[in-house]
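What follows are several structures.
You will see two complexes here that share chain A, one where it goes with chain B and one where it goes with chain C.
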Partner chain A sequence: MKKNSAGMHLTDSKRKPFVIGYIFRRLLIMVIMILLVSTMIFLLFRTMPGDPTASMVDPSIPQEARQALLERYGLHESLWTQYKIFMGDLLRFDFGTSYFYNRPVSRVIGDRLPATLILMLTAMLFAYIIGVFGGAWMAWKRGTRLESAGVAFSLVFRSAPTFWVGLMVIMLFAVRLGWFPAQGMRSTGYEGTTFGEIFLSLDFLRHLVLPALTAGLYFLATPTLIMRNSMLEVMSEDYIEMAHAKGLPERRVLYRHAARNALLPVVTAGALFVGAAIGGQVLIEVVFSWPGLGREIVQAVTRSDYPLAQGSFIILSTVVMVMNLIADVLYAFLDPRITY
Partner chain B sequence: MKKMVILVVLLTATMVVFGGGRAEQDAADAEMGALVPELTLRSSLPESNLVNYEMAQELSDELAKLGVTLNAQPTDFSVLLDVIYGEEMDYDAYTIGWSGRVERLDPDMFIYSINHSSNANPGGNNTSRYVNPEFDALADAQRSEMDIAARREYVWEAQRILAEDVPRITLYSRSNVQTYNHERFTGLENMSGEGLFNEWSPMVMEAIGERTVPVVASNVNITNLNPFGARSVYDWRNLRLIYDKLVRLSVDVEPTPWAATSWEVVDDTTIDVTLREGMNFHDGRPVTPEDVKFSYEAFMSLPDSYFAAFVQPIDSVELLGNNVIRFNMEYAYAPFITTTLTQIPILPKHIWEGIGDYTQYYNEHPVGSGPFEFVRFRNGEELVATKYEDYFHPVNIDGFVFKIYASPEGVLTDLELGVVDMVSYDLIPAHINQIKDNDGGRYSHLTITEAPDIGFFYIGMNNNRPPFNNKAFRVALSYLVDYDYALDVLLDGYGSRGGAGLVINAANEFWHNPEVPIHNTYNPERARQILAEAGFTWDSQGRMRMPLE
Partner chain C sequence: MALLEVKDLEISYTVGTGSLKAVDGVSFSLNRGESLGIVGESGCGKTTIAKGLMQLLPKNGSISGGSIILDGRELVGLGKEAVRRMRLKDIAMISQSAMNALNPVYTIGDQLIEGIQAHTSMSRQEAYRRAVEVFEMVGLEEKRLKSYPHQMSGGMKQRAVIAMALTLSPPLIIADEPTTALDVVVQDRILHRILKIQKEINSSMIFITHDISVVSEICDYIMVMYGGKVMEMSKTDSFFRKPYHPYSLGLQNAFPIITEEMDELISIPGTPPNLLTPPAGCRFAERCPFAELLCEQKTPEYAEPEPGHLMMCHFPERVEEFRDRSSHTASWDLVRERLIKRMEVSQS
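This part shows the complex of A and B:
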């Protein structure tokens, strides 16, 4: 059988050097990709209409002042010169200074990134735990009303606009029931300064519930449906029948034998998701006044704040690539059939 | 086949008959003036300013009835600024507005800056490209007239000329409608252009309950803690309670001694200011005349700061001893006390003098001498300040929290839940009505206040280009604007009426000239009549043509 023959050259001593070589090759390609993506991003922003000084200065300031600003930011230089400076800085991991905040891009992003990541990862955890188990269970209940109800439930939240779900959640849990705060990340005047004080406090967790719930419900459909489809495929395999034949309890067959093998596509989707999560869910951040990076990126684009927008997008694409790589490497461990 | 022939003959005959007619008409049309060119009106995107967007569409329809094509083209704000301040000056008309900040109560901005011919060059604030030497003379005169009554004469006369010449058409002014929780605080006064939480609020408001630190909601993020880095009033206004200023404008917009105890106009270009004694910065160091001199000189050295226009007329700053600071002006500049002395923050020299490029300094922890001490700022979340115990003037609240929201809906929810105590921005009409309806008593604890705005939104016209170079056309256009529709329908009545050439509205009581007749009624027939009287004609196809020279 396929599995056995593949399983046979699963000797660790032989595989590891392959993986390292593979990772090395992938990393090299990644660097080239990042440089290409950065070039594209650079050109994209310069072809956008609108003068970046327009959002930097009050319209009532004199023309000479506007010119001085252009010069300070090097925007009077030719495109080629600007590009050389941009790439040179990038190679030193310097994303420049945000026009709008007058602060290093890395610090602006650094301020906002934890809030977004914690919200997104919580939502993801919520969606993936419920999704993986729920999807497996739905496949198991194939053809029953419970399955259709489950599919409908996950699709409703996938299709409903997130801001609307957010508003409904606020109305119910914050306004009507008063269980959770409606807006922001902390209570007014909360005095934590260290990461632990801020992100591990009860106050923060109370603020996290509603936005994470809204985002989680939105994400739910992806792992649920992927898991369900992949389970359906696995369940038709011979070894499941074998397990049944051995008289194993249903729960054991479901989670030990079938679900583990059905996980692969969910892992891929999950890895790509983490990449996208850095960008955040802008609508959710707006509805809950969550001080995340997503809002910042959107504003940077509309304000023609080139360095901030460029930096954000480069980080975003890098994370997507890295997560992709991790997913591919994870595969090798999850599925012995895959070798590099 | 026969049918075909008949058809062809008929068609040919029709073409000959009508074509011949067309030729005659064309000959008649050729006698008339040139066609009014097809025009483009750069308006706002509906999501950024629905009123401007709608008014532009309306005007386009009205002009179509008069045989003029005007394409209303919704344009992104920064693109629009790029177009109207651009080198090419390539535009016909646009919609935009001037916000009504308190320093604009001084007429210099709305008379001189946006109408004087010296600002009609590319990048200048006279984006109407309006040039009238008679007007220029008045705008210059009001600027250098130090006697306020005499200055008002000039300003009033200037308004008369603008109403006659119509360089732009003001569509409407928005009201500053704001709300606060009257179960927590009382004594608040909504100030034109400044709103509820203005510089005076901490001195006049009283806490009723336990909360003595009001939470003020903002829907705009704070971008800067460095006064040198401010690029608009939004960046600066949150720091005004932390940094002090020599003079303040009272609620009635009278210059009031503040960190300065008095000032004396020695002559037109020399002003002496006496600094209050015994003031300290928040770090305990005394506020000295050197700090004042340093602050003004620092701003004078930065031609591209938000404050540049205020310090431009200053030639030098001298210390005369006995806490007296002398400002030597390059030219007589009447708005000096009302706009310059009330705007420039006093910065501690001992902190700033070591910093090379002031604008690049982040200023993590601002130290000023104002009524409140900076506590912390969290980007996208809140700015917290606490009462400075050593302040020379009594302050009624123990601090304030400026809480930043991503959407007005979020603020409304937190107003209902009692998380915030007041707003610092103008409520949108939908929310005003929601609070007034008070469905289920949810908003019973809120009071709505309204203050007229001295700012205005308008249709700008490129006075350099046909047909806008024709005064009669501009006046006629002002009769095609439905001012009632803008005010009553689009703004739900929360605002005031626009009018042709209106720049200083009735909210600015002292400087507004109430005697000037303003074209501010919707009357398409009157528009047609004005155009006909000015020699505009309509050709055989109903297209409008320019007057013959």
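This part shows the complex of A and C:
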């Protein structure tokens, strides 16, 4: 607050240095947070019932062979030693080797994460664009049937189980109408090696439509309803009347003055929502056989694949933290009253 | 010809199932450069007149009759786009709550420039220069154009809002209680600045307030409203020398006059009438110490006891007696007793 009251400009140019300093501080805090989260995740998996060897080999193998396996993976060491090794590796971005795939965890996650992120971001973008404009429009149409219909629509998809909506969407658009493929990320036989080949092809986009639609419909209620409420609040503010009194066109008052202010709570809610969105993602990935990280986590946990599960959880926590950081920075640009 | 000619203006609100006339048969005219003060208690229709002139009535309100002629042009029934163009350019409003009248997420400069550009074809630079000019008029530094509202004090925000109203030198400025949110010292300074600017750019002004002393200081004409009707209207000096209407007499009692010695302030007992079920006769009869049966039955006509001095009362000729009696607390105590008795009767 105090720092930039003197240096405010019509443009935001003078504010950016403060934001950069802020981002730097936040990143430092994030590193500490990740280390804490990693410790918790490490302990969580050691207290879980079940033995990783059981999933790797036949339970009937001799005790010696079993012991050899445990030693090979370092699981015979004390918890403290295991923890030291785990954290040491983590600092070198080494998440270990997946028991199940026998590949470095970072490689497995690297293969899966883009698919999850692309699906999630597409769905969120869809939900936020429709939600923000739809919510603003619903506030404008306050008291009409269209507004009630809008509220009902967004609530139905928020309340309905995502896997059920997913199945319905598959039935309608994939089975009945046959417009889009029902499963997977690419058609069989399609081989892509580079990122561009895999994610920027028309084939991928066609596969993306249904899962993104399902996730988007689930996400839709949050931005829509918050935007609507916050618009209603803002529209009774004096500065909105003032904007009318200035003789501004109605559209300009609605979008430039009212919506701009109403957007602030939506951004806050969005940051908090990312965590919940990742949870919902798992079901969607399973229903649509989407080769993403959400599905991988579930499998890794049931297979007692410690390294993979640990690594995935750490990466997902990081994603949530980064999203929150982005929301906070965005907030500083949207609201001049906030300075870091 | 008068700049503004308001004739038999009626403004109604729909409330629940009924509707009420918040402004009922208001007429006045205003020449270029003159100022009119509208006074009255809360809910008497002052602000509704302002909103009606700006066509900024809430959704449940509408102008249900009469005409508003500004510079020879009828404003009632104008289309949306014409109304939009009229705002700020022809009639500018200094809003009631300057504290919240500025959008918190844009700089003051941007908000001024936006207003200018909505009505002219000025470039951003030209509009910026105009903003600097009006800022100078209200006594704000140019660098304040780059401030956000939260970085300014209440007085500065109020001046910024005044500057906004001046950007296009409108022929008519409506100031709706522009200083209520400010402390007395700042209030006085701002009032005088408004007055000075109004003379400078020779625009007419309608000044809405519940503070009758403010009107005595800065307005040429005064209009006293009660329950949506004009009770008394005249030149300010004539009014303060010789008020006629019992309500005006009561209002004057309620404000101290420094030069005269008074034992205590006398307030008018009771509350304004509910306009959903307006009284059959004079709107003020219920609270009037001099009310008679006739007052409760018949709405009085306007009388003109002096040229240019209008008042709405059945007994303009008894004003000397009223004036004398209204300065005694006992007259108003009678009203209080009458109101209490009436309430008891209606409850039992």
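Some observations on this one:
Everything below uses one rule, namely that the second predicted complex is superposed on the first by the 303 of 340 C-alpha atoms of A that agree within 3 Å, B and C clash if a C-alpha of one lies under 4 Å from a C-alpha of the other, contacts with A are read in each partner's own complex, and residues count from 1 in each chain.
The criterion applied here is as follows: a contact is a pair of C-beta atoms (placed from the backbone, for glycine too) under 8 Å apart; a residue touches a chain by one contact, two chains touch by 3 or more.
The shown structure was predicted, so the numbers you read here are calculated from the model rather than taken from an experiment.
With the C-alpha superposition on chain A as described, chain C and chain B fit side by side in the combined arrangement. Rounded to the nearest 10, the angle at the Cα centre of chain A between chain B and chain C in the chain-A superposition is 150°. Of the two partner chains placed by the overlay, neither chain B nor chain C lies in contact with A:Lys84. Touch criterion met: A:Asn261 reaches chain C, while chain B stays clear of it. Of the two partner chains, chain C is the only one touched by A:Ala245; chain B is not.
In the superposition on chain A, contact of A:Asn102 is made with chain B only, not with chain C. By the document's definition of touching, neither partner reaches A:His76: not chain B, not chain C.
After superposition on the shared chain, chain A has more residues touched by B, the comparison being chain B against chain C.
In the superposition on chain A, A:Ala182 contacts chain B only, with no contact to chain C. Shared-chain residue A:Trp290: touches chain B; no touch with chain C.
This overlay, made by fitting chain A, leaves chain B and chain C with a least C-alpha separation of 48 Å. Within the complex formed with chain C, the residues of chain A that make contact are 5, 8-10, 237-239, 241-250, 252, 257, 260-261, 334-337. The touching residues of chain A, counted against chain B in their complex, run 49-51, 54-66, 68-69, 97, 100-103, 108, 111-112, 167, 170, 174-175, 178, 181-186, 188-189, 285-292, 295-296, 302-304. On the side of chain B, the complex with chain A involves touching residues 76-79, 81-82, 85-86, 109, 113, 121-125, 213, 215, 223-224, 226, 229, 231-232, 303-304, 306, 308-309, 359-360, 362, 378-382, 384, 401, 403-407, 409-411, 413-414, 416-417, 419-420. Remark: chain C residues 54, 56, 80, 84-89, 92-93, 95-97, 99-105, 107, 109-110, 114-115, 118-119, 145-148, 150-151, 161, 164 touch chain A in the complex.
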